[in-house]
Structures are given as C-alpha cells and as structure tokens.
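Two complexes follow with chain A in common, the first pairing it with chain B and the second with chain C.
Coming up: the complex of A and B.
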C-alpha cells in the first residue's frame, strides 16, 4: 500500500515552495529563451538586425516584426492560457534583446571591433507591451490578433525612428549621395559581406512615391495578424500535456 | 576498461590543451579553387603605399585587374560585382574606392575581357599586423582576392576618430555618432519592460495562478490595480513612441533613405598596340613544380619585345634581366628567376615566334595552384608581359588546357 505524505506543513511553506518553483522556472526559461530567440532572429533576419545600413523603410520594417512575432505569440499563449500572466510577449522580447546585446557587445564590438552605433538591434519592447496589454484587457486571442498584432507591426517603425533618424542624415561622399548608415556600411568593412548582398529598397512598391514606409508598415501589420493566428494555433497544439499523458 | 578509456580521454584533453597553437595568418585566399583564381580576375600592378602606419594614417592600395576571357562556366559572370578589400574586419576603415577614376561605393557591372584600375584608401584603426588584399566580389560567384601584403598599424586604438561632414553642415564622428540615442532609448524601454515583468513577478506566478485558474477563480488573477497600471503603461508606451518619432523628425528634419542600386562603370580603353599570344600546349610537371607552356607569339607592336613576366593568381614569374624592378611586392608571391624562355632574343614587329616557356617555383605548391588537377575545369590562364628596349610594356592574357605530368621529366 502506498502512502502519500504532504511535502509542506503550512501555507507559508507552500507559498515559499511555489515562489522557489517560480524563480527556478523563470531562470531556466529566460536562459533558454535568450539563446533560442536570439538564434531564431539571427538565422531568419540576422543582417537586418545587425547593421544600420540594412535598416531600410521597405524590408527591415516588414521582416523584423513578422519574424520576431513568432516567439511572443507562443509565449503569450502559454502564460495567458495556463496562468493568466499577461507578459508573455514582453518576456520574449526582453530575452531577445538580452541575447542581442550580449552578442553585440561581446562579439561584434569586443571581438571584431565594430562600433556599437553600427550594430545595434531595434527594440520590439514598445510593440510587445501593447500586445500584452491588448490581451490582458480583451482576454481574447481574436481581438489580440486583430488589434495587438496589427499594432505590433504598425508601431515598429515609429518606435525605432528615435534611434535610426540620426543615421539617415545625408552625406556627399566623394560626389555620391549617401546616408550616414550607408557610409558606416561602406567604411566599416564586412569582409564576407559585399554590398550587393544587402536586401534593401528592392521591390516594385513604387506606386506611392516617397511614402513607402507607411505602406510597408501597414502591409506588415496585416501580415502580423495572420502570423498571430497561425502561431497561436500552433501554441495551442503543442502547449499541452496530452503528449505525455499516461507517462506521468 | 571504462576507467582506461576515461584516463585516456583525460590525458588527451590535457595534451590538447597544452599543445602549442600556431598563429593563423591571412584569410584563406589559397583555399579558393585554382581554376577560379587563374581564369577569372587577373590582378596586376598591385601596390601598397606603405607597410607601416599609425592609427588615423592612411594606406593607399592601388593596381589594375583584367577579367579573363576564359571566365569559367562554373561561376557567375561579373554582371554585378563589388570592388572590395580583404582584411580581418574593420581594423582599417575604407575611406574611398575609385575604379577607373570613378568613386565606387556600391556594386557595378564589369565586362569580361577588359581592364580596370582601382585605388582604395584605407585609414588605420586597430593596431596590429594585418594582411591587406584587393578583392572583387562577384554576385553569385563569390570573392576573388588579389595579392595580400602585411601592413603594420601602430599607436593606440583609442585615438582613432572618423569624422564625416553631413550635407546639413554637421561634422560627426562615425565611431560614436547616434550611440547615445540608441543606448538611452534601449535603456528606457528596458526599464518599462522590466517594470511590467517585475509587476507580475513579485506575486506567485506559475503554479499558484494555474491552480486558481483551474478552480475558476480567474477574476482574482487580474486585479483592478493591474488594469490601472496596465492602462497607465499603455498610455505611456504610446506617448513615448509618438514623442520619439516626432521629436526625431523635429531634430533631423532632413533625412535620406538608404541608397541602393548599381553604379555605372566603363572599362579602361583597349590597348590597340598588342602582342598576340596563342597557347599551343601546356603541361604541369608535378614533381618539378613547374608549368611548361608552348605559345605562339605575334608581335603587333612597333618595336621588338622580349617576354619579361608570366603572372597568374597574383603570383609573378620573372625573366631576370627583362622585367624591370618590380618594386615592393610580397616575397612569397614572386619568383625572381622563375621564368625560362628558350628563345629569348627580341621578337621583331610583325614576327610570329613559338616560345617554350617554363615557369618554375614552389609557389605552385604553396599557393595550392597544383590542386588544379582536382578541379572540375582543368584549364589554366594568366598574363604574359612583354617589354621593348625602352621598358614599354605590352600585356596579353592567354589560357587553355593544362595536362598534369605525374612522373619526373
């Protein structure tokens, strides 16, 4: 005959055990997610996050929010669905930024000497906070997809311009018009990255003249709605104990 | 048995950790396949203005290259190519590149069979010994590095500055420009994001909330205070985004987008006064580390000429007494007496003569050109330089099949 004895003797002790469990899990999750989310960003949209001369108004503001939405959606679902904790997106983006800054400071600047003002990542924290708040206030994944994910995409560019604007001042560079970011890309040599590799300002989106930024941002915002739905369902599928039922 | 394996593993690990590590030099330019190096970009007249500079001083790398007419099918044509440099990252900054006198800050279309002259100005940034090559990167084809030379940078990296003047009249240091705005903006958002995390982390987070949720006590998990704080955070977030955006527009009203697109470039004019070369046959004597070529030479110039140099893959075989002083050039890439010609008397204008040429040097092996026998395209190519008695040079590219000889001749 098996006997089950309680592991704790009081509510106070139970509380302490819960908190210890929280801290251990949070530490493990942050460590893992910092690595995994950063790796995901590097492999999917690496150069756009690395260099100022890739941060254009056509591709950068489209691919970064789109690619970087995957982890926040899944994190948000797990934490909200099972614990009603509304910081899944913020946590994922904090992990991403932690990984990116460790990488930039140690590798890009410390190891190969690029100045940090050339290799900084954008920040998705403003978008993530809004995404979390929309879920908290609506308690609806559909509304979070439509309002939150849309905001995630649309707010990305304006929330970077405080940093990026300074790098778009015009320069007469030996008789060629360039932005400061272009000059950085030209002068700070990336031996294995010739100029033609840059995927910037390419495409047929020319109908709106100079106002390509809002068009790209709106397109990104709508694409983010789709990504939110897809990965919300993905999270629903995989964030389950049904795979290990009967084994525990 | 297991203990033995463990001990062996530990001993191996210790031995590996104390084994001397050799210094890694250069950047793998020898690893490129020989047929690619000998049949694509022919670098010549490469010069480094100095081999020692202090931080903030400049080195000028200049020279010419010819795009070989035997360009291999295996690599893409240089319809989009970028005049680059091969250095270990930003130990120098590149202050300017000119090709045929035009500033070449982006990629351009290059023409096979034609010549280009380049000048690259590099400003020293990080002290150390650095290998500096010209390089042409071909889209879908990869890099082709020219000859490399060691340049020593002395001084203190902290002294480096990189001023650039904008069209709005500001002079900014590219080392630090904009960094304070990036840093402050990231810190601000990290504080706000961190606040939101801590707001929830200060209470039971996972197990406790999951239990309450499953008990249907969801209302207890998000309190009115949570909603008030959330509302305040949302308003602050939106306000900061708009402040950041519009204050930046106010501060930098004139900006331009990133610049892209091909630049226009014309090749150097064709030299009409040429000496024609036609390869009859060529053998690579593997044991002797030499290539034996038979070529028909027709002197279309107006004065008698002699063969002074054979060059390929940045290596130069010289016919002593004919080739002029080569100036400073990497010693490992030059064979001062490496070229033998069986009929070394001047070829008269209009005369066609068959020359048997032997280019011998260990460089065939050390520069890994001997690996041509393993290439999918066993052709070689290069340039022959002829000189008249006044030192005027006539160059011609040539190429064709190369048959290996595995036994001593």
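Coming up: the complex of A and C.
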C-alpha cells in the first residue's frame, strides 16, 4: 500500500479542488444522463412519447411511468446514499425532458417535418418531485418504494392532462367521431401506423367505458413498486466503488 | 487544547483567503473547452449535411448519388475512426507513466482532473450519440421506408457517433490505467462497466440490422429487437460509481490535516432504514 503526504496544505486549496470537481461533475452527469436516459426511454417506450395519437388510456399511462422509473431509482440511490443530495429522481427526469425536447424540435419538426403539437413528450416532473420528497422525508427505500413509486405511477396521468386535454376533444371527421389526436395520426401516416392500429384502443377494457384510465393507472402504480425494488438493487451494483486486483 | 486553538486559527486564516479566484493548476479548462467545441462543431456540420443531402440524395440506396454522398461518407468514417482509435490509444499506452510509485500528490490531483476532462468529453459524445442521433434515427425511419442497412441516419449514428464515444471512453480507461496509481494497482469495476457496456452497443448493431432484414421493425420503435440497446444503456450509470471512487480519492488527497494518506477503504453510509 502506497503512503503519501496530502496534496494540499490549506483549507483554501482543498476548497478549490472540491469546487472544480463539483463543476465538472455537473457537466458529466447532465450530458451522460440526458444521453443514456433518453436512449433507454426512446427504445423501450418511445412510440408512446413520440406521437399524440399513441397517448392512449391503457398502454401509455402504464408503460411510460413503468419504464421511466428505472433511471430515477438509480439516480436517487447514488445521490442520496453517497452524497445526501435529495433530487436524484428530479435530475434524471429533467435530463430526459431536455433531451426529448431538443430532439423533437430539431429532428421531428426540423428534419422530418411533423408539427410540434403532434410530437411533444409527456412530463414526469410532478411524479419525480413526489418521489424525491418521500425519500427525503422518510430516509427509507422501502417506504419510498411503497409510497413514492406508487405515487409516481398514479400521478402520471393527471400530470399530463393540461397538455393532453385539448387533443381529446371530439371531432366529426367525415361522419366518424374521432379525437383531434386521432385526426392528427391519420393525417400523418407513419411506418408505425400499422402497430398503432394493432395496439392502441384495442381489447376488452373498452367495454369498461370510463374506468379504463384509473384501472390502468392503478395497475401501473402497483408495478412501479416492484420496479423500484429491483432497480434499487441494480443501483448498488452500478454505484460500486470496487477495484479488482490483478490483470485483465 | 492548544492544538485545537491552532487548528481553528489556521482554518479562520484559510477562510479569509480569496478561494474562488482560479482553478489554474488544478484543471485544464482549455482541454475541456477544446474537446466540447470539437465535438459540437463536428456534429453541427454533420447535421447541416443531413439537412441538405438526406432528402435529396439519401432516399434510394441503389442510386449513384447515394453512393457518392452517403457511402463515401461511410467509408471515410470507418477509415478515420480506425486511425484515430489506434492513434489515441497507442499514444496513451506508449507514453504511460512507469514510475507511478513516485507520483507527487498534487500531480495525482491534476491527473484526476485530466481523467475528468476525458470523461466529460466521453459523456458529451454519449450525449450526442444516445440522445440526439438515436432519436433522430427513429424520426427518419418512421417517415422513410429503408432499402438498406446503410441509411443516412445509420451512417451518422452507428458509424460516426458510436465510434467517437467509444474512442473517448476507452481513452479515458487507458488514461486512468496508465497514469493513476489506484487505477494501475486494480481494475476499477465501475469504470470498466461504464466503458465496456456502451462499447457493446456497437456490436449490438449487428443483432439490430440482422433483425431488420426479417421485418420492418420501425413499425414499433420500442420493439424487443431494440432492447439490447436499452439494457446496455443502463451500464452507463456505472459512471456514478466511478465518480464516487474519484470523489473519495480526492477527499483523501485534500485532507490537509492528515500526516499521510494511504488507499483507505471507501467510506460507506449505514444510516438508511432499509
């Protein structure tokens, strides 16, 4: 084991080193998390974030909160467990939103010319704030999983309503009753359109009428509890500070 | 008692000093700025190229202009990427420090920040690849039916933006391994995961393209064929563990009240109720 003297000899020097570390750390975290969280979201549940007509009342409010919980759980663990920073989940969601908005404006609207009001992403900020608050006040991952992750799932749909409401207004389209979101979808035929017809608004839950939305949200909230526990354990692996002795 | 009084006096004297005047001597901001500016300028140029030539020359891979404007770019990317990779990695290995046991603590602090600059460039390259060009690929393929594995968006995403972050990621690993004592004595588990995992996204392109030869997967961007990318994106989170390793070592190296410093075990919090 190597023994050396300290690299600095005063509080001021130590302070400068720590502040320099903080600044570059913020840059690294924001760029990294914006990148990989966005990749995770777009390839696991991207279709539901891309298009207004995919923002349905059964799959959308189930798959988006469920998949999008993975990174906030890990962010919470790393920042809270090791640094006592209480906004890990919110940071993850802000990074995701930043990436999504830059790309929708620049590429979906700027390169392949869809209107922005057809390709806007939802928001998870209210859910993330609640998740962080529960961990901060309870200091317990178990309670955060049960109360926080459950709230994360259940709050998703109400969080979107002020953005989505206008697109659910009814329209008489050539004698067929449709929503504005549906009209947008049929106006812009995409390679995803066949899957839209196969997946969206299908199934026996239609017979439940207005109950579909709360049932889906309630099931999602339950599933989020399980996701929280699983990825809380995964976070322990990626937050490992181990050095493996030996050669490659 | 007098020692405590002396320490308090020293602390107060240090507090009175202007402490945020400069980070000079700790971190080389010019390297950081150069790396970020280089990546930004390169990708802005690429984005303009896409805007001009994707719709006009990139729709039919059997056409002559596709070969000229897009396949030529692909061959150039592969050639330059290979040269840059082996040049940079070879340089880092060739110029490795063979006397790490004699490394001065202040120099070790500076090298930690050089590693952080490598990592900042790495994550910035990941940001462009995983966020910008990956979703752009989704936008393109939801709009234009592909007739080749080498579509305009793939030529940028897979064969330019992926190699760039791989070169920087492996570069950061080699830098740490050859210039920092802790990383030379043992292999950092989180650093290795955070570099190898995102690197494997490039080989996973093989699976992706193989799957696309069977069916038009762009009908569903979140199709299971794409979940290999999803799982590998999780490995980037291991940079959190690496940052903790660096943070704990810097805390040790800046503990100016200590007589001497060893590679002590990392601190760990046990006050959770879980």
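Remarks
Just so it is clear, the second predicted complex is superposed on the first by the 221 of 248 C-alpha atoms of A that agree within 3 Å, B and C clash if a C-alpha of one lies under 4 Å from a C-alpha of the other, contacts with A are read in each partner's own complex, and residues count from 1 in each chain.
Here, contacts are C-beta pairs under 8 Å (C-beta built on N, C-alpha and C of every residue); 3 or more make two chains touch, one makes a residue touch a chain.
Only a predicted model underlies this, so the values are computations on that prediction, with no experimental measurement involved.
Contacts of A:215 after superposition: neither chain B nor chain C is touched.
Contacts of A:20 after superposition on the shared chain: chain C is touched, whereas chain B is not.
Of the two partner chains, chain B is the only one touched by A:97; chain C is not.
Contacts of A:230 after superposition: neither chain B nor chain C is touched.
Once chain A of one complex is fitted onto chain A of the other, the partner contacts of A:146 are absent, as it touches neither chain B nor chain C. Of the two partner chains, chain B and chain C are each touched by A:191. Look at A:155: by the touch rule set out above, it reaches chain B but stays clear of chain C.
In the superposition on chain A, chain A positions 15, 18-19, 21, 25, 82, 112, 114, 190-192, 194-195 are in contact with chain B in one complex as well as with chain C in the other. Chain C makes touch with chain A in their complex at residues 10-11, 14-15, 17, 19-20, 22-23, 26-27, 32, 47, 50-51, 54, 101, 103-106, 108-109, 113, 116-117, 119-120, 123-124, 126-132, 134-136, 138-145, 181-183, 185-190, 193, 198, 216, 218-222, 226-227, 229-230, 233-241, 243-248, 250, 253-263, 266, 269, 271-274. Within the complex formed with chain C, the chain A residues making contact are 1-21, 24-25, 27-29, 31-32, 34-40, 42-48, 50, 63, 70-71, 74, 78, 81-82, 99-100, 102-103, 106-108, 110-112, 114, 138-143, 190-195, 234-235, 237-246, 248. In the complex of the two chains, the chain A residues touching chain B come out as 15, 18-19, 21-22, 25-26, 53, 55-57, 82-87, 90-91, 93-94, 97, 101, 112-118, 120, 123, 125-126, 128-130, 132-133, 136-137, 155, 158-159, 161-163, 165-184, 186-192, 194-196, 198, 200-202. Considering their complex, residues 27, 80-82, 84-96, 98, 103, 105-107, 125-126, 137, 139, 143, 157, 162, 164-168, 170, 172, 174-179, 181-182, 185-186, 189-190, 192-194, 196-197, 200-201, 204-210, 213, 218, 221-222, 226-227, 230-231, 233-234, 237-238, 240-242, 244-245, 247-249, 251-252, 254-261, 263 of chain B touch chain A.
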